[in-house]
Structure formats: structure tokens, C-alpha cells
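Should a chain be cited, it is by its letter among A, B, C, D, E, F, G and H, assigned in written order, with residues numbered from 1 in that chain.
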């Protein structure tokens, strides 16, 4: 346990769960993000630590204060330290371009948690031909993260195509009766395709952790 | 206007809107349903009148009191009088077997309102091959009524396949977070496929009226 | 399929559905809107492409970067390329002046999708005399788009006057218990007038697509 | 205060508010209803006491135990004692036949609270001609109680016709997205017609109390 | 009907309902507010017109463009033209200082609609002694407008003290589980005090119209 | 830990928290309730164990199988074993007769958990005189449990009278917009009286546990 | 595809996804369940087919009509045909005895889908000592299914103990503000423990499918 | 009662409830906050008055206008006058660093209301070892205030460890399906640990008042 004054950082988490350290950036000042990233990195120099949900200001301050950090502007996230060797593969499937930030957060999380990533973008259900064209890539993955907003139908369609474990991520993309992503969330929870599990709205990180754990423990194909 | 004591029956509706007379059976006693059907039929002997949302008891009483009535047990509905000659075609597409009652109500309503019906059942999104196999039938219709419960994804997928006007009907099929059909309703309202309009949960009748109006005014193919 | 780097543009949609190409401007930068409009226009120079939900900045950038674009400030939309010859007529009926942006989006969408438009504004249910005065115009249309916020009662009243297919559009006009348009949405879904179908809150575009499809396939009067 | 063992009956309410005594029958046994009615009647023999929301069993037991009681089967209510001389008039307007129980409860409440009642039934917004035909009766009342389920649009239309104070009563008539009357409730709260106030779903009693108070204190016309 | 280009102003409303003309300022530019106020005033110079829900900028522009207008900064409203002679009295009761803007809107609306106003402020239910001290003023009014946020309990307590018709106005004052005023709204709709009717959240205007109509038609005391 | 086959009974709870053992009867068969009560009583013969939320059938079976059990028909609960000597006093205040079952559950729970009970019934906010008459009893208690349905206003009024810690219990008494007790729950959470805490709808048990803990640790007066 | 008249049975699903055939029994008559089970079994005699959500009547009819079927009364499910050899292990963790049916459905689903099951019951968060005592069993599993109603806190606590992929199943156990399981669902979606994914309320089946897929593809320990 | 023009300050509250005077700063201008603080302090110079929910500007103005005031930047609150001698102890337990402002508001409120405070921070349920390490401190308190956002599980876990009265405070920390703190609120209301009571989202003040009352009346240990 390291005490930074404004936070007691749990530096032993890795030992308990096998996962890397992560900083949840929302509600933290840029300086706090930098301080926690630095403290975690010093404890775990051999393995990347991850900071998510960074404000534009935090992304800027981190990039200047920690020149070795890798910044992902789409995912609004940063990593510090070397990525682990990937085991297994997670395909991250996104319905529309507006879903890109959440898909990117999932993809980066997966990489930081030790699995490989295959990105499949722009495969909304209203254009099935795109989706059918990538069926083999989907079937080849150890786990799927399927990201969609609006009516959230994509996980059901994907779940009918392949028997791979699926984590669905509803996004807040939409307006009016999308209710900030609740419509997509409900749709995914009611998927008629078996084996679809769901995370919170816009929670690419949570989906990525689950999927990476599944992929890295899977028998290599 | 005909006064039956318990209801003033608006027998001039046909003249105003071109639609047949309809009895909404919910909350009415079997005897009331019979009396209204009989009164409407006497005013409009040349054209079928429709009674929907009939209880098991009402279906039974109607079939005995009005031997000329046609009973649809799946739709829980009855008609009295000859069906009009159909103009145009509406394809009624249903996702699962549990959606059959709503699809049947829509189909009967369409027939009573003067359009032809093409039923396409059991084409859920988790089994795309069935849906792709009927694409030509869908494209040949003047209007589509697409019925689905649970995640309500079918209208989006259908809407990506063809450019026909679509009326989506959410059903109350599901449990838990389906919230009595609200999940499917929200999904359909947020469809990423353009041109999808929506009616109330389980409202096969309302969808049928809209679709029949569209079909019977369409240029014959 | 054209790849712009930030988006794969589906330039074959027109062939599949008979509809024009459309750019959903929300969440896109002005430069992205311009780039997509330009790419779609090059593929389809003979037919207008449409961009909706443009920010003030996007409207400004589009008007300067694409001087041939037609800008609709009320609808917050732009078109590039010649409008198609209209077939059939959709009457767009709006309850109040605050509903004008949604009505304008519906009207422009209808024109871009190949149908004629008849605008009927300021006919709220609390002043029935205005509405009764335009009954003939409503009855003469092939389809109606009825736009209303607050209690969303207008489609029910219109639906009692004429037998034309109706698409109701709830708007987010209101406060407090309007719940951002949910009150109007629920009212429209529960309309006692048969044949009323509904789209998402503020979704003039979706209503326009459905109505234009209906109008352009209707038998000329 | 009279203590019946299972309830302390507030027999002084009339003095405080000028209103009669009322028994809310829901959740009470038939015997409790009879006992409270009898106790209140003994204290106030000169003025009718009212029991509402009576079960079928309670209606039956009351009618046998208290032969002087007047039973209203539609309103599911009973009165015991002479009705007061009416002052002023409340018009009770109902949209559909399914709304009759709530309208009847309102009407009986008004009579018990000392105002006259003018019933106007079956004037739904989808058939405006009926409503326009009774405009003079509406304008002649001192207060209006307007009862409607489903989309709850009737108060807005009535409120645009006359300047009389209006109390709107949403009913639970409907299904699916009517959400047990919440859709009608929200619509009425968002009425664009000024001066419309609202009571709880199916609360004919509450509307009747307010309207009777208004009518009986109004200057005679 | 006067056409201002951006709005058709219904200048005949007064004749229909006996109420003054009102401008709903939300969503209108300051110049539009000024133009409508001026047009209405020219048609009705003998009677005040009212503009509500004015932005700070609109209040400023109106005060400079229409020097004869009376500005109410608390109510965020303006009037132009002479107030009518008051008939009857409405007591406007407010629970807390944060409810003052809504109470002020109600009070001004009442005055413009021809009734007298008695303001009773800061009488929250957690300090009953204040409320009990003004019981005689409440009983002397022809109608009560009771304004409260948070738990919205005040109308129930007031309704137990006097038999005057009550209009309850929930306000959006509160946080968290107040859900923007929905908690107070629900509480008021479920009031155990008979005769309480309710308007939309923060709708001092609507409450004022109803209460003024009641007061001005009441028999003078 | 005692294993009964269908349940592992945690017989060490008393040692951990100082509270008695409790059986939550909902969803358990009468025989299961009897078996668990018996097992707990054998482990703790010196102190009453409590079973709550018993069905009519369970109440009957328990009373016959365990003749030493004390049955509380109003609370739908049973105890087995001697009640502890009470320390301190909790006043249980209920708004209406319909709230009696929840108040009774709270009162019995308090007694079983070692505190004294003072019941104050029928003190709804619409009849303040009753409440003001018992102010001294309320002020004399160590903790208050205030039970109310419908608008849930009672805790706010009580909280303005005395400075005693208050636990508010919303009940499901009501209809329509009471939403099964949610209206009362929200009202209580938004109470303007400081120091009011809240438990789940109809949760007399939870309120009783908290209140009894507070009372029995209070300095005797 | 096999057509049974009332349903087209998709007998090729196994080939597509590697999963067994499953009959969703809700809404189906006992005879329909028997017929579908028999048809699926004939197509796949070498591998168990599963029927879930069976009514008491269906369980009875199945057990008599298909004597070879294995009936699970707690899970309300049946299987027909030999269970596959298990690969990997899923620990099914349940918070309370009321959650047993959902946990049993998950466990049976896992076995039918080819993974081993380790049941861990009665480990609610209010008794942490039980949970800490089984930490090693949890850490030894390839995937966890964590079942809880009421506040749904168990997955968060489990997720802080081990790094195994977790599927959380909210149950409808609770009352009042549990809103039929929505409270537990929301809690699980907001879990502060990373890697927790969620399925619909009471959906033991869906959780089981996902977990079995994960377990059977995991590297043997 | 002191009249400041914009507010009537209830300076007699202390006598009625034994609590100090408090200013709810939300919606008040900095100058109003200063004026009320000063007026209350003059009436009660011997005891601290508290101002909560102060804006950054109000905190700044108060600190300059009232140099004797103590400013708590984390709690966004200020006190003026000497804190009372503490009686009893409340442990304030917080799950995460983001919950610090609410925990600080609770802690300051407790001190102002006359009880001692023991702060226990960063003891989220996903890291049980921290929580188990402070069990003795929790058991030694007279009352617990447990603050948590997201899934709101902490009060249940704490409630299983000790038998101390618990007040749970849900916070708005979270996103998406946390619904602004509603998820945590619902979880706490459904806690399986007995004796947990709940206050409004982010209402550290209300929890503090209740807990301080409990602590200061407790028998010293």
C-alpha cells in the first residue's frame, strides 16, 4: 500500500488477480493522474499500467510530464511501461464510427491485460454484408467484445453467427429514447443469442478485462 | 350514431376514414361484444367488421351467438361479414413462435382493411440464414410489419435489407429487463435503419391498419 | 465502399434501398462532414445527398467549403446535388413554433427522398379551428408526418379526421414532466386513432424517410 | 373522534372543511365498511356519507346490511343519507366507455359534495364532431372534470374550446406503453391548454371533490 | 390571426376563453418576445399581456424596447398593459425560499388573469408553527396555489387544514432522488388530502390560470 | 453453522452483531419455516427468534406445530422464546390504518431486538391536530419509526416537531402514481427535515432493527 | 430444419456454434415441450438436449412422456440424452437460498454445455466469513457464475478476491425497491470490480452458456 | 424569527430540536450565505453554525467576509463559531476517493452536531482486506455512516461485520447505468444486512445529523 496523501494506492492488486494496475481518471486532476501513474510504474516497472477516462487536459499533462507514456487519443487513455506478450486473441467489433472511443478503450485494455486484439469496425446490423464478410475472423477469436449504441442489436446478430464467448458493450450513442444508452443496454440484456454477457454503458474497460482474462487462459488454436 | 345503452357506436367511421368498423374487446363483456358486432354488421353487411383482444370466454360466446363469424384463435379475434378484395401486399414478419398472436392480429387486421398478407415466421436475428432466404419476398411487399420481442432487433436487420416502408411491433415476449416489452420498444425506436416506424407493445392491430392503408394505395407492381 | 480513414462510407446503399445517401452529423467534426458529403456527391452526382444534425459550426464550414450545398438553417441540415423529381405528397403538420426544426428536418428529408411536401404549421390541439380549416389538405396527402411536443395529442386528433397513413414525431419541446419528450412519445404510442405509427423523439429524418417511401409508391390521385 | 377498534373515525372533518365524510374502501373488509358507514351516518344523519373503491363483495354486503344505502355499481361506490341540494354544475366528460367507472366515481362524489352534475360521455379526440356538438354544455358548467385513458389528449382539446376551470383525470385504460395510466398522466401534466390541473390515475374521487368545491362557491349564472 | 413571419399569433384567444394573451418565452429570441408582446398589446391595449419564462437577455431587451412593460425579475416574466381589476383572492403558499420564482410566476399570472393575490412564503412542513399561524388567511381565500419542492408535502398539510380548492405546484428544487421534481410531483398526486389537484413541475403559470378562473367566478365573501 | 439440507442456518449471528436470529419467511414453505424456527430456538432457547413475512398458511402451520410460538396476525410474523428485557423506547408512528401491518412488523421487531415500543397510530398529515396532541410522546422516545404510504409526508412533519433520530418506512399503500410505494419512498428520501433516514418499501423489519439498536444503547432518561 | 407445425426447429444450431439444442419452455404447452425435446433428441441422440423454464405441469408431463429424461425440480428444467464429458470447471456461487433456482439453472446449463460445475451456496456478503472460506475453490475455477438478488453485491466482493472471469446473474429475489431484480441488475452493471459481466435478471441459462464456453476452451490446470 | 428580506431565518430551531442552525447554500448567492451565517452566528455565538453545498465563489466570499469562519474545501462547507464538545463517536466509512466530498460533509456535520468522528477511507468492497483490518474501529463506534457510489455494496458488507446502527449514503459517483447514483441508492435500500437505513444521494449532511443524534445520546463506552 502506498499513500500519496490524496489516495492510498493498492499496489498489490496484481498479485491478487494477475491483472495490471489501472487508474480511473474521471474526477481526478491531471497532477493526481500523473502522480498515481508514476507511483504504480515504479512499483511495476516491468509491466504497463493503464489510465482511462482522461480529460483532454489530463491527456496533455500526462504526455508532457511522462514522455515515456503512450497516449491513445481515441480511447482517451494512456499507458506507461511495456505491454505484456499477448496470449490469445479478442476480436473487438464495433457497429458505428461513433462507437470508436469505447472500442478503442476496450482494445487498449485488452492489450494491457495480456491478450491480442483484432479490430473489426463499422459492421452495423443495417448492413449485414459487412458483418457476414468477417465471420471467419470472428470465429477465430477466443472472445468477442461487441460494441454498439442506438438499438444495440449487433451482439444478437454476431451471437447467431459464432459460438465464441461474447461481451456486449452498450454505448451512449443515440438521442431521445436511447435514454443515454439505456435502450442499447436493455436490448443486449435481452439478447435472444445465448452466451451474450453485458457490461455498463460505455464500459470498454470492463469488457476488455473480462475478455482478456478469457483469451489469455484459452488453449492456443 | 347507434346507441346501445352501454355504448354509442360510431357507425359513420367508415365514411370518414375508409376503414372498416372495429370493436376493441378488452374490458367488454361477451354479450357486449356480440351486441356491438351485430349492430355494426347490420349497418355494414357488405364488409367485414373486426373484434380484437377477445377473452377466451368472448371467443366462445361470439362463435355460438354469431355462427357466421370467423374466429381466429391465435389472434384472439373475430370477423363478421365478407373480407374485402385485397389491394397490394403486406409481409408480416415475426421473430419467434411466441410472437405469433401479435403477428396474427396484424395479419387479420390487414386482410379486413383490404390488403393482401404474406406471412414470414420464425426469422429471428440469431439465425440470419432464414432471414436472408426470404429477402425477395420482403422486397416484393408494399409494406412490412415486423414483429419481435426480447431485444427487438429484427426491424433493424430487415431495414438494412430492403427499402420497403416498415412498421415495427414490439411484443411483451421476454422477462426481467425486457420490462414487459419496453426493451424491444426502445430498441425499435432507436433503429439505425431509416424508415422504421413503431407502434405500441403488442399492437398488431395498429400496425395492420397503417400497413394496409399503405399497401392498398400503392401502385400495383 | 469508400474508405476515408475515419469512416468507411457505404456508397452502395442507394442500390440496395432506393434511398439517397445521408450523413448523420452529430458527433462528427465539420471537416468530416465536408469530406463525407464530398465523397458521397462524387459517387452520386445526379442526386442530392443529405447531412442532418449539423452543429452551427458545421453549417458554417459546409456552406463555405461546399458553395453548391443548400443550407437549411431551421432544419440544421444541408444538401448537395439536385433534388429528385417529387412523386406523391406528404403533408408535414406541426403543433407549435417550437416544433419547427423537427418539422423542417422531416420536410427536407422527404424532398431529398423523392416526394413532395405540404407544410401545415401552428395547428395545436388547443386551437382546433386552425386544424379543421386544413382538413382537405390533410386528406389530399399520401402520407402525414405529424410533429408535436408537450402532450403529443395532435396525431390522435388528426387521425380522427382522415384515413391517411400517419407517422407521428414526438419532440423534446416541454419541461418538467415532459421528460425530454418521453411524455409526447408515450402519448403517441397510445393514440386511440388507428394507423398512427411513431418514431424516436425529434427524429424528423426517420419519419421523413418512411413517409417519402409511402408517398412515392402511391397511386397518383 | 369515534374509536371502532380497527379505526379511529374522524367525525369532525365536515366542520373543518365543509365536506362530507368519506370511507376509502380499498383494503377494508365488507364488515369494516358497513361499520364505518353506519358510525358516520349516525353522526351526520342529515347528510350523505360516501364509500368508494368497494369490492364486489363489499358492494353486496353493504346493500344487504344497509338497505337505505344507495349503491352505484359502475362507480363501485355507495352512499348513505340524503344528498345535499346541489349548487352550481360540474360537467363530467369521458373519452371512452372504458373510462365510465372513473367518470361515475367523479359524478357521485360531486353530488355528495353538493354540486350538480352534467355527464358527457364517449367524446374521444379521434371523433371531434361529438365533442364540438357539446361545446355549449361545456361552456355552461362551473368546472369540468375530463376523464381519459390511453394518450390522455381530451383535456387539451377541451381546454382549447372553453375557459372553464378543468380537472383532468387520467385512467389506467390502455396496455403496453400506457404503463398503467402513466402515459395519460404525463400527457395531461404537459397539456398545452392553460388551466388544466391533474389528479392521480383513476382518482375520480379527488377530481370530484375539487370540482364540487369550485362549483358550489361559484356565482350562479 | 396575425402573422409575424416566425409565428401566427392567435389574437382571438381572449374572446374564446376570457383569458388574456400570453407569450411562452422559452426558446424564443428576445426580439421575437418583443415583437409578439407588441403585436398582442396593440390588439388588446386595454388589458395586460403576459410573457413568461424569459431569459436574462430577454428580460433586459424587453425592459429597454418596451419601457412601459413591467418586469418581474423573480418570476422571470413581463407584462404590458394595465392589470385588470381583481375579483376574488388566491393565496399563493410557498414552502421554501428556493420556490420563490415559481410562486412569483403563479402570483403574476393570477393578477394578469383578474384575481387578487395573497402571498404566504416560507411555510415548510418542517416548521408547522408558521403554517398554523396563517390558517385564517388560507381559509379566507377562494383558491390556494401551494408551491413546494423536495418531498412536496405542503399541499397535504394545507389540505387538512382548510376546505378551499387547492392547486399544488411541484418544483424542481432538490437533488439526487428528487429526480428534477418528479418526487414532489408524485407526492402531490398521491396526496391523502382530498381536493388537491396538480400541475407540471415548475408550472406556476398553469396553476395561476386555473386558480384565477376559480377565484374570479366565486361568490364574493 | 447448522445444515438443515435446504439451508445452512447461521446460528452465530447473535454473537457477531448482538441481534437475535431471524427467519425471512417469504418464499419458504411452512415446513421450512417451522424447521428453521425450531433449530434456531434450540440454539438460543433463552432469547426469542423471529419469523417475518409469513403466508397465511405458514402462520397456521407454525401456530399448530409450535404451540409455544406467539403469532402476530397483523404483522404476519411469529416469535419463539422469551422476549428480552426492553432497554430504551422506540415510538412507532403510523399515518393510516392501511399502514398497520408494516407498523406491527416494526413494533414486533423492536421488541424482539430488546427495546420498548410506544405505538402511535392514525396520525396522518391531513389531520395535524392528532399529531400535535402526541408531540410529547414523540419527544420522549429514543428513536422514531414513522410509517406512511401515499405521499409519504409524515416523517417530514414529525421531523420538524422533535429532534429524535427518525427512521422512515414507506409503504405500498396507494394506487396509480404511488407506483407501489415508490412515491412515498422518494418523498421520504427528499425530506426537508434533517435526520430522517429511510428503509425499503414495507420494510418494517429493517426499520425496527435500526431503531432498536439506537434505543437500547441510549442513555436512560 | 424440422417443421413441427407449431414451430420450425433449428436442428443445425449445434454445427454452427458447438452448443447443444435448447428448448425455452416459457409459453409453450407441455405437449409442445415434449414434441420439441423428442425431435431434437432424435436428431442428436448422442448429446443431451435441454428444456428450461418449465411449468409444474410441463415438468410432470415431460417426466411421464419421456421416462429417459432427467428432471431438475429446483432448476425447473429437463434434459434428454447423455451429458457430455466435462472440460474445465465453472464455480456457481449463490448468495441466498432464494437464489437456488437460478443457480440450479446455471449449473445444469453448464453441464449440458460441456463443462464441470462446482456449487458454492449461501455465501451472502453480510456473512463474509463463509465467502473467505471458499476463496481457493473460487480461484481454482476457469469461470465464475455469481448469483444474487436484493442489493446484488456479491459479484463485487468475489471480483475483489480472485482474477477469474465472472458472469453475474441478478435475481428477482426481493421486494419494494428491488423493482423485480432491477436493483441487483444495476448494482452488478456498476460493479467496482473489473471483469464482471452481467446477464438478464434470473437468466441462469445465459450465464451458464457463456461460462461453459469459457471453461471448456481453457487450458487445463 | 429574523427577517433578512430574502429569507425569514428560523433562529429558534435549536430550541426545538437541539441541533445547530444550518444554511443550505445551493441556489443562494455568496452574499446571501454570508448574511445568513452572520445573522445565525449573532443569535448563537456560543455554538458553530454550518453552511453546506457552497459554490467555489461562495467559499471564497465567505472566507474573506467572515475571517473567523472555518472553511472545508473538500466538504464545500463552512462553519462559524466554536464546535461543541463531542459526545460519542461516529465512524464515517468511505468506499473510494471520489466519495470524499460526501464523506467530508458527513464528518463536518457530525462534529457541528456534537459528536466525535472517526474517518475510515478507501475501504471498497473489491479490496476486503482493508475493511477487515478496521473491523475493531467500526465496532467501537456508536453509529456508522457508510458512503459509497457505483454499486453501493459497502453498507451490506459492513452491516455483516458489526451490529452498530448504520446510515448508508449513496453517492453520484459512477456513469451510465449508475443513473446519477440511483443504482447505489437502490442497492442500499435492498441491503441484506439488517439495520441499514439510507439517505438521499450525496446527502452527507442528512446522514450526519441522524448519526450525531444517535451518538451523542449513546451510553459512553
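To be clear about the criterion, a contact is a pair of C-beta atoms (placed from the backbone, for glycine too) under 8 Å apart; a residue touches a chain by one contact, two chains touch by 3 or more.
Everything numeric here is computed off the predicted structure, so don't read it as measured data.
Both chain C and chain H are touched by A, E.
Interface repeat of E-H: among C-D, D-E or A-C, the matching pair is A-C, sharing over half of the residue-numbered contact pairs. The chain pair with the larger count of C-beta pairs in contact, out of A-G and A-C, is A-G.
Inter-chain centre distance (chain B to chain D, centres taken as mean C-alpha positions): 36 Å. Put simply, the C-alpha centre of chain G and that of chain H have 43 angstrom between them. As a whole-number value, the distance joining the C-alpha centres of chain B and chain F reads 51 Å. Looking at chain C, one finds that residues 127, 160-161, 176-178, 182, 185, 189-191, 200 touch two or more other chains. Every pair of chains in contact is given here: A-B, A-C, A-G, A-H, B-C, B-D, B-G, C-D, C-E, D-E, D-F, E-F, E-H, F-G, F-H, G-H.
Across the interface of their complex, chain B is touched by residues 16-19, 22, 142-143, 160-167, 185, 189-191, 194-200, 205-207, 209-210, 213-214, 217-219 of chain C. For chain B in complex with chain G, the residues that touch the partner chain are 97-98, 121-122, 127, 173, 175-178. Put simply, chain B touches chain A in their complex at residues 95-96, 124-128, 132, 150-153, 156-157, 159-161, 174, 176-179, 182-184, 186-193.
Interface of chain E with chain C (complex): residues 6-8, 10, 13, 26-27, 170, 172, 180-182, 185, 200-203.
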